[in-house]
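Two complexes are shown next, each including subunit A; its partner changes from subunit B in the first to subunit C in the second.
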Partner chain A sequence: MNNYDKLLKDLAPRKFKKLGVIWTSLLIIIIILGIVAYIDQLIKGQVVTNMRDYSLWGIYISNFVFFVATSFVGSVAVAILRLTHKTWRTPLVRIAEIITLASIIMAGITIMIDMARPDRLLNLFIYARLQSPITWDVIIIPTYIVISFLLLYFPLIPDLAILKNHFKEKSPFLSKWYGKLSLNWTGSEAQKAIQTKSVKIVAIMIIPVGLILQTIDAWLFSTTYRVGWNSTNMGAYFISGAFVAGIGALVVVVYILRRTYHLENYITDLHFDKIGRLLTLACLTYLYFNINEYLIPAFTASVEEEIHLRSLFTGHYAPLFWAVTIGGLIIPIIVLIFKKGRKPLPMFIIGMLVVLGSWWKRYIIVTSTLLHPFLPIQGVPESWHHYFPSLHEWLITFATLAMALLIITILVRYLPIIPIQRTADEQEELKTNKTTKS
Partner chain B sequence: MENKNTSSRRKFLDKGLKLGIVTAIGGIGLSKIISKLNAKTENSSHDKMELMTTDGTLIQVDSTEVITIEHPTEHNAKYNIREGFANRKFVMVVDLAKCKNALSCQSACNKHHYITGDNAWLKVYKMQESKDTAPYWMPTTCQHCDQPACVTVCPVDATFKRRDGLVLIDNTRCIGCRFCMAACPYSTRVFNWSEPDQGEITLNMDMGDHAQKSSPDHGGVPSVKGTVDKCDFCPHSVDKGELPHCVTACPNGVFYFGDKYEDTVTNGDETVRLSKLLEDKSGYRLMEGLGTEPSVYYLPPVDRLVDFEDGLEDYTEFQSVAKPE
Partner chain C sequence: MKVLRQNPLKYRFIILAFISVWFFNMGSQNLYAQKAKKNKVRLNVEYVKIMDGEAYFNIKASSKVKKKNTKVSNIDLSIFNVLEDEKILLGKSKTNSKGESKFVLKNTNTLQADSSYTFNFLITFKGNDSYKKAKKKISFIDANIEAKIITKDSVNYITATLFDANSNSPIIDESLTVQVQRLFNPVRIGEEFNNTDDSGSILVPIENGIPGIEGNLAIEVVLNESDDYGTVKVIVKAPIGISIVDESTFDQRTMWSPRNKTPIFLLIFPNLLIIGIWGFIIYLFINLFKLSKS
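So, the complex of A and B:
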């Protein structure tokens, strides 16, 4: 039982210290600035953005695609590792589930920010047409939000019951809420059976739904005639890209939480090593699809395609394109194949590179294509020939990123970031194994 | 041995049963068909009538089969904005040999649709396929495709295809996602990024009188912030028996407008057979390879009446649409 108390002491939610308070306030300030900018956008119209008739989608859409991509971590890190019985996943799954939920909620909000008439949101249901990829998105995103919420909630129930008891004296208010949310969990065999089964069903469901979500996201682009989007490679390319972005985000968040909460005993070098290997696999897969997407088309490029590829390889987008490809993909692969590269700190740096690379990669995918239509861009102001986000767009985008981080922060504040019950069970198992062996 | 016996007996029973069912069903079916056939022969009175089908072929029908119906009321049917004009199919032909970038079409279009944004709906492109081929002026409107990419991707049916060939926008329904603009390969759609300042239209709206209810039939009256606009082929003019504004405004007779079913198009001065015009002058459509099936045909810029250079006088990289005073 001693062991159990230590677990609780280490893993139970704790009040923010000074740093936590500063961090949270900073996020809230960024969010308020974004909301102000958004209200201005609502009043004046999207003229406050730098999007125009040619660059008709911009940073909102690329940011949306980024959020959708990071939410894939729930499907990969949680569900797939679960189905393959990888026990090292235990201290990482809850963090992955939290990232998934935060990202997919923000994806839903971000896509609405891009809508010029959010007041007509209900039209999407009243006049829904099933052939439009947007309708597919309207169906799949709420589905994924529900499933990723359940994937976080079901395994959490035993821990909530533990916390209810833990906070009984310290904070009756919190204890009451943990009690309500734990749904009268007593840990009886019958309850355990139901819970195990529920978790299993959700963990299996999130895999196909996650794959569908990423693919629909790709189809938003590949169902148009645009050069650079109209590619059969797009679905697989987006799935592999989401694999990278999701694991990258997981590494970053895990590292930061491990440092701030001193979880070195629970999240060890071994875990970083394992997840580093997974990230290498993800990056290699993504590299493969990148070659399919950019290098091979160059051999048979039509005139339009050549203009597009040239703008990426040597033209306007070249610095960004190569920074993203080399910094966000090739360097991570090289570093991660060495064992030393999979230690916590290098992994953190690589994770940051990967996340940044993923974000800008989506910016390139969305914006570069739109500036190369079939008919030449003529008869519009000079500024319409280019695109770079306006102040409003940056403020709003940063606010959405801050909101995602705030959701993660709040969940981390009130939930045990490492499953307590499961860790205890596993330690117990390990002990009994040892005693029976010796 | 015994086992085998019982199993084979079972098999026999099983097969027998199935066969029985099949026969029973077959028998019932057969008797039905026979009774039907019998009924026909019994009822026929050997009185044949000769009738003409809509495509002109004569057919013989048993007189008992003929019943009188009421006159179709379709002709008087109320005009449905999403169905369009009954039995029409609008097309346009643009003769590139005649265009010298006079831009009258554009200013007429801007005026009648109260376009005040920076991107006109009707554009005259300065085109040159490759550096060895001759440059030419190419006016573009919405192509009103028969396989419209924009309509396919619209999530709310705000942009729609009518039976008379037009692709229109209901800007009271559009949610402003701009997917149609991304889908259109002809870059023909424009967006109201801010509240459009449409001069008298806006003024009328503000005054409250002459409450102009926006209709897909007359694009730009009024334009709505956060929605998509584009060339509408002027069904409001067609309704009055007039030609679209660009057609009448063009001093060089570049635009021909007409009905594919009637096989005639006119530029106001001359009326010609569409099929003959397209055949004689090798008409083509833009980006035929995409399979969008546009309703706008182009005649190649051959035997030009004017030099390309003449048009350069009017050419500017960009000139903002004349703003209302």
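So, the complex of A and C:
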């Protein structure tokens, strides 16, 4: 077996084994439960949620912000590393691109779930006001979805052509589809030139668009003057938070796929070490913006700000706030500083902590502020002073998370998770270099 | 059938009994309607005269229904000018949903007073199915107020004189209110009671710093619900207030205006960004097409 055949054997998509089938079935069951809950929400209205006049945004919006943040991994891990010519990125980029696409699609769907009348979605375009951050959001999310798709698709084309030939005998049906999607790729110089140029453009473009997306997401909050959101730090704070969430998610998915598909020869400890360093940088940056976000208001707090901060530091939200800050940020930094902490298993555990921390962090950002309104309502029911998601909200949210994972699972099932052509080229290059040197 | 043949009269009697009961019921219903208790209507009338403006009656109709004061709406009222031996119908009016009616006295010159120069009026309600008939008399002597703004030692004052319209003699010791018109309710200036002196006059200082559109103030001097003269009001407009600067941004292009007033920079930059980004996206899709054809 020559090197190329081994590559194909290792990296070409494979049928799910028993575990894969159970995993996919589990995701589908969670999604069906969520769809049932959503249909009930459509019929009865959002009264089935625990969102009321105070907490008018809840778990749906925090989940939306989480998805938007996670999608930033495409800008960071793929585009920046590509443009800075970091060769170690090769086995990680496809996975990052898949996470990006799945997350941003689910962000778009989640925001629609939060609308009580999704049939009025078109009104957001028809009556759009360019002054409104909602309009900016409505424009940027579809844009980012398209760019994320192109970021995944362009580098994939040569691999699709390889898979077309690979599956010609094994599965003519799959081969036919790979052939269609490979756009008659022959690897000619003209095709390579167009593809290289297009990949470069999309890699450059996704960085500013990703930054705009995260910033708009932050401005959705900071333009409302609300305590806890009214901060000029918010854009940078969200970008750095997205940096953390995206890389955290990448670490988790990379670890699971590495173990499942036995890719230890391709995704090595070196890759975990490198990505661990990147995650440390992300966490340190986010910690810095967290200090900015909380320390200055703690010094200059108005009465309302003080109440808000007290609820975070020592009040109702304190256990969650400190769990998220320490568990999702400080512990990862401490562990990742050490080389042993950047080994695959510790990295996976840290990645899980970071992802969980990122999700709950957004929950804190959204709900704690809303429970301290500018204009308190007289005679408001006691229950409005508190918010915890209802069963409907949990089921629907879990379903959206399951949908994101299902998109990743399906793409992983049918696409090579490590670029075959590029890995082959790199190996060839390495061999040539060695021969030249000797 | 056998039974019917046996005693046909019995069934005729039953039908007759039914018809009798029906007629009796009809009669009893009429009796009931006649016995229905009608409520009393209470009419409250206020005479208001605005100098160099209109004079009118403010009529309010109310009734106590089930021990609750209720406004009586939609009833017809007739307004008469009463002389010693005759009543001249001035016009008719109808109460609105709030039980109120404003009857403007047109051609006040044609109104006739009695020998003591008192004007007498009668407001009547003929009654209807729900309410008994009612009437209310109102009398007043025609009075005028003249007012002007004067400035003494850099202090603005309003001086007003109340006098009998017929004899031009001053009306002494009546309380006048000075107030400045505001959007909803007027705001009082000076003391609550400003009694007219021997010359029928009052002098009230106007504090500085009262805001008005372009500095204009509409100051009212009011004789309020006097038993003899009714309500008499004069409005003096004077540019002695502080000008209100109109800070409305309604017509400007702002971040909070409707979309037809979007700020220009927001039309330019986001659209440039959108066109730029989507331009590249279209270019990339064209490249996909080129790839398939090359």
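In this section, the second predicted complex is superposed on the first by the 433 of 438 C-alpha atoms of A that agree within 3 Å, B and C clash if a C-alpha of one lies under 4 Å from a C-alpha of the other, contacts with A are read in each partner's own complex, and residues count from 1 in each chain.
Heads up, the rule we're going with is that contacts are C-beta pairs under 8 Å (C-beta built on N, C-alpha and C of every residue); 3 or more make two chains touch, one makes a residue touch a chain.
Since we're looking at a predicted model, the values are computed, not measured.
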Practice task
Specify the outcome, clash or fit, for subunit B and subunit C once both structures are aligned onto subunit A.
Solution key: clash
Practice task
Check the residue A:Leu370 against both partner chains and state whether it touches subunit B (first), subunit C (second), both, or neither.
Solution key: first
Exercise for the section: With both structures superposed, pick whichever of subunit B and subunit C touches the larger number of subunit A residues. Expected result: B
Exercise for the section: State whether A:Thr224 touches subunit B only (first), subunit C only (second), both chains, or neither. Expected result: first
Exercise for the section: Would you sort A:Arg82 into first (subunit B), second (subunit C), both or neither based on which partner it touches? Expected result: neither
Practice task
Examine A:Arg258 and indicate which partner it touches, taking first as subunit B and second as subunit C; both and neither are also allowed.
Solution key: neither
Practice task
Mind working out whether A:Pro133 is in touch with subunit B, subunit C, both or neither, as first, second, both or neither?
Solution key: first
Practice task
Determine, under the contact definition given at the top, whether A:Leu183 touches first (subunit B), second (subunit C), both, or neither.
Solution key: second
Practice task
Determine, under the contact definition given at the top, whether A:Met115 touches first (subunit B), second (subunit C), both, or neither.
Solution key: first
Practice task
Mind working out whether A:Ser198 is in touch with subunit B, subunit C, both or neither, as first, second, both or neither?
Solution key: second
Practice task
Considering only the touch criterion stated at the top, classify A:Arg362 as touching first (subunit B), second (subunit C), both, or neither.
Solution key: neither
Problem - Clash-bearing segment of subunit C relative to subunit B, given 111-119, 147-155, 183-191 or 219-227 - result: 183-191
Handout entry: Shared contact residues on subunit A - subunit B and subunit C
Key = 127-129, 131
Practice task
Write out the stretch or stretches of subunit C touching subunit A in their complex.
Solution key: 254-259, 262-263, 266-267, 270-271, 273-274, 277-278, 280-281, 283-284, 287-288, 290-294
Handout entry: Touch list for subunit B against partner subunit A, complex
Key = 118-120, 123-127, 140, 149, 152-158, 173-179, 181-183, 185-187, 189-195, 225-227, 287, 290, 317-318, 320
Exercise for the section: Using the touch rule from the top, collect the residues of subunit A that touch subunit B in their complex. Expected result: 44-47, 49, 51-54, 56-57, 114-117, 120-121, 123-124, 126-129, 131-135, 138, 220, 223-226, 370, 373-382, 384
Exercise for the section: Write out the stretch or stretches of subunit A touching subunit C in their complex. Expected result: 127-131, 136, 139, 143, 146-147, 150, 153-154, 157, 183-185, 188, 190-191, 194-195, 197-198, 201-202, 205, 209, 212
